[in-house]
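Next up: the structures, one after another.
Note that subunit A is present in both complexes that follow, paired respectively with subunit B and with subunit C.
The block that comes next holds the complex of A and B.
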C-alpha cells in the first residue's frame, strides 16, 4: 500500500526531464560539443564524490554547515516566534518597532559580513552574524501576521467560553496562527542553508561554502561541482523533512497538504 | 436521554427567571461624543422559554445580544442571570454566532470543537460523554472525527450549537444563527432547535430579522425598533406545540401573529 502510494506520488514526467538533461549534458561534454575546461560531465562529478568520500572530508564539511544551519534556524525560530507574539499581541509595541523592522528587513545579510569579520574574525560567530538576521525575518513577519490575522470572532468565542488570557493564547491564538508560522519557518530553513554557504565563502573558512571555494582555487571543478550538488541535495532533504514534520504535527492544517 | 441529566443546576433555579434585562442601554464612542445603540431595554426570560427578538437591521440586535452575553459593557442598566448581575461573560450563558465558519476552530476535529468549552474544567470521561451526547443531539455522531471545512454550512452551524450545548448552559443566546443557510436547511434546523429545547429545557434568546422564523420558534417575540433600538412590544405567541413546518405555518393564528409583528415594525419604519 505505502509503496504503491509512494510510486504514484513520483512526478514521472519531471523525473524524465531531469534524467534527459543529465544525459544530454554528459553527451555534450563527451562528444566535444561543449568545450569548456571547467565544466565536467556528470560522470566526472560522480567520480569526484567517490574521491571526497574516500578522503573522508565530505562528512565533516556537511556536518559543519548543518550545525550552522541548525543554530541559525533555532535562534530564528525562538526569537522570531516570541518577538512575533509580543508584537502581534501589542499594538503599542508594533507602533514603536515596525518602522525599524521595515528598514532592517531589506538589508542583505551578507552586507554585515565585514562587520562580523571586524568583530569576530574568521569564525562561526561571523557566520552567524551573516546568517541569523535574514533568517529571522520570515519567522518574525509571518508570526506577527499570523497573530494579528486571528479572526475577531475567535476572541468572542474565547470570551463566551470564559477563557483566561493564558488559555486564549495557547488554545486559540497559537493554533490559529500556526499555518503562517510554519510557512515562515520553512522559508527560513531554506534561507539558512543559502546564507550559511555564503557566509562560509566570505567569513568562515569551514563547511561546504568554503569547500566550494577551496576546490575552485585548487582547479578541481569536479570536486567543486560535487560540493555544489551536495548543497542542493541538503536543501531538498531539509525542505522535505520540514514538510513531513509539519504534516505530522498539524494534521489539520489544510494549507500543508500537497505543499 | 443522558443529556438531560446533570441539568439539575438549571432546574433548581427554575423558580425565578433565568435571565433578565433591566433598562439596558449601550453606547459606543462616536466621533466627538457617544452614540446610543440600544436604549432602556427591559425583559425577562423564563426557564425553558424560547424568546425571539425580531427587528430590522440597524436596530442594535447584535449589540443587545452581545451585552446579554457579557461581551459588550452596558452604559446603564443591568443584565441578571439567575438574579445575579453580570460583569463579563457569565457562567451558564453561551453565545452561538451567525458566522459559524469563523466561530469554529478550524484546526480541531468536530469532537474537539465541541469539547472546547468543557475540556478545561471536566474530567476526560465526562467530557467525552458530553461531547457524544451533544453530537447525538444535533445528529452529527458520525462526523466526530471530521474537520469543520469538510462539512456543509448547516452541519457547521450544528457543530457550533453542539459546542454550546455541551456546556449545558441555562441560557443560549443565538445571533441570527440560520441567516446564512438555505431555506430547507433552515427549516430543519428550526425544528431541531425546538426539539433540543424540549429535551434540555434550556432557555433560548434567538435574534432574527425573519418575522416568520420569529413567530414559528418563539414562545414570545420581542420587537426591537428604532435607532437607538428599543423594545416596543412583546407578543405572547399562543401556537400549539409541537410546531410543524407545514401545519403550524398554515394556522390562521400564525398568519395573525405574522401580520401583527409586521405592523409593529412597520408602524415605525413604514
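The block that comes next holds the complex of A and C.
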C-alpha cells in the first residue's frame, strides 16, 4: 500500500526530462555537436567522482565545508533565538535596536571577506566572519516576528493558569513562536552552505568552495563539475532534512511547506 | 479623501522607515571604536580614518568607475534575469504538464549555490564583463523563474473561467488575466534575487579583479589599506541598503492597485 503510493508519487515525466537532458548532453559532447574545450560529458564527470573518491580528497573537503556550516548555523541559532526573544519580549529593546538591524541586514556577507582576511589571514576564522552575520538574520528576524506575533488569547490562557514569567515564556511563547523560528533556521541553513562556499573561494583555501576554484585553475572541468554536483546534492539533502524535521515536529503547521 | 500622489508615496516611505532611535547601538559602537582607537591601526582603524580612506580612493579616480561598474552589472543582470525568468516562468507555469516535467531539473539547478557557478563561467568565458553579467543573471534567475511559474500555476480558476466566458484569445488571456495575477510573485522573486545578485557580483569581482567595488576592496586588503577596506565595507552596506529600500518603495507603489496580501508577513 505504502509502496504503491510511493511509486505513484514519483514524478515520471520529471525523471524522464532529467535523464533525457543527461543523455542529450552526453551525446552532444561525444558527437562533437557541442564543442567547448572545457565542457565534460556527464560520464566524464562521473569518472571524476571516482578519481576524487579513490584519491581520498572528496571526503575531507565535504567534511570541512559541513563543519563550517554546522558551526555558523549553531552560532546563528543560539544567538538568533536568544537575541530574538530579548527583542521580541521587550518593546524598549526593540525600539532602540531595530533600525540598526535593518541597516546591517542587507550587508552582503562576501563584503566581510577582505575584513576577515585583514584580521585573520586565510583561516577558518575568516570563513566565520563571512558566514555568521548573514546566517544570523533569518533566525533573529523570524524569532522576533514569532514572539511578537503570539496571539493575545494565548497570553490570556497563561494568565488564567497563573503561569509565572518563566513558564509563560517556556510553555506559551516558545511553542507558539516555533514555526517561524524553524522557517528561519531552514533559510539560515541554506544560506550557511552558500556563504561557506563563498568564504572558501576567497577567504579560506579549504573545503568544497576552494576545491571548485582549484580544479578550475588546474583546468580539470570534470573534477570541478563533480565538486559542483556535490555541493548541489548537499544543499538538497540539508534542505530535505530540515523539511522532514519541521514536518515531524509540527505536522499541522502549513507555513512550513514550500520555499 | 485623496491627497496628491507624491504625498502618498512620501507617507509610504516614512511608514516603511524604522524609528531613528533604533540607530543607537550602531552609533554607540562606532563612537566607542573612535574613542578607543586614537591613532591609525593596521587592523582596527578609527571610523574617522575610513572616510579619509574613501576620499583617497575617490581622488585617485578609482572609486567612481568601480562603483558604476558594479551598479551597471547588477542592474543589467537583474533586468535580464527578470525578462528571461518571467518569460520562462509564465510559459512553464501556464502548462501544468510542462511544469511537472521540468520541475525536478529546475529544482536541482536552483539547489546549486550560485557562487559555484562563478568558476564555471570563468572557465568557459574568460575574464570579461560578459562573464560577470552571465553569472549575475544565472544567480538571480531562479527565484524569479520559480516564483513566476508557481504563481502562474495557481491563478484562481475563477479568473480562468472569466477568460473563457469572454472568449479571450490566448494572448489576451496571458496579458489580461495571468500576467496581472503573477506580478506580486515576480516582485517577490526579485526581492529574493537582489541580495544574491549583490553577493555574486562582489564575489566575481574579488575572484577575478574585474573592475568593481569587490576588486577595489580585495586590492585594498592586499595592500593592507585597512581604512580603505572598512570604508568600502560601509559603502557596500549603504549600497545594499539603498537598493533594498528603493526596491521596497518601488514594490509598494506598484502593488497599490493589487488586493492586499492575505497571508500576513513574517515581520
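Assume the second predicted complex is superposed on the first by the 240 of 259 C-alpha atoms of A that agree within 3 Å, B and C clash if a C-alpha of one lies under 4 Å from a C-alpha of the other, contacts with A are read in each partner's own complex, and residues count from 1 in each chain.
Quick note on the criterion: contacts are C-beta pairs under 8 Å (C-beta built on N, C-alpha and C of every residue); 3 or more make two chains touch, one makes a residue touch a chain.
Just so you know, these numbers come straight off a predicted model, no measurement behind them.
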Contacts of A:151 with subunit B and subunit C, given as first, second, both or neither: first
Partner chain in contact with A:172 - subunit B first, subunit C second, else both or neither: first
Touched partner set for A:162, first subunit B, second subunit C, both or neither: first
Touching partner for A:207 - first (subunit B), second (subunit C), both, neither: neither
Larger contact residue set on subunit A - subunit B or subunit C: C
First (subunit B), second (subunit C), both or neither touched by A:80: neither
First, second, both or neither for A:95, with subunit B first and subunit C second: second
Subunit B versus subunit C as contact partner of A:48, first or second or both or neither: neither
Shared contact residues on subunit A - subunit B and subunit C: none
Contact footprint of subunit C on subunit A as seen in their complex: 11, 13-18, 21, 36, 38-39, 94-104, 106-115, 117-119, 141-142, 144-145, 149, 180, 183, 193-194, 197-198, 201-202, 209, 212-213, 215-216, 219, 221, 224-225, 227-228, 231-233, 235-236, 239
Subunit B-touching residues of subunit A, taken from the complex the two chains share: 151, 153-154, 156-157, 159-163, 167, 171-172, 175-176, 178, 250, 252-254
Residue ranges of subunit C touching subunit A (in the complex, touch as defined): 17-26, 42-43, 97, 100-105, 107-108, 111-120, 122-124, 195, 198-199, 202-203, 206-207, 214, 217-218, 220-221, 224, 226, 229-230, 232-233, 236-237, 240-241, 243-244, 264, 266-267
Contacting residues of subunit B [partner subunit A, same complex]: 69-71, 88-89, 91, 93-95, 97, 99, 102-103, 105-109, 116-117, 120, 147, 149, 167
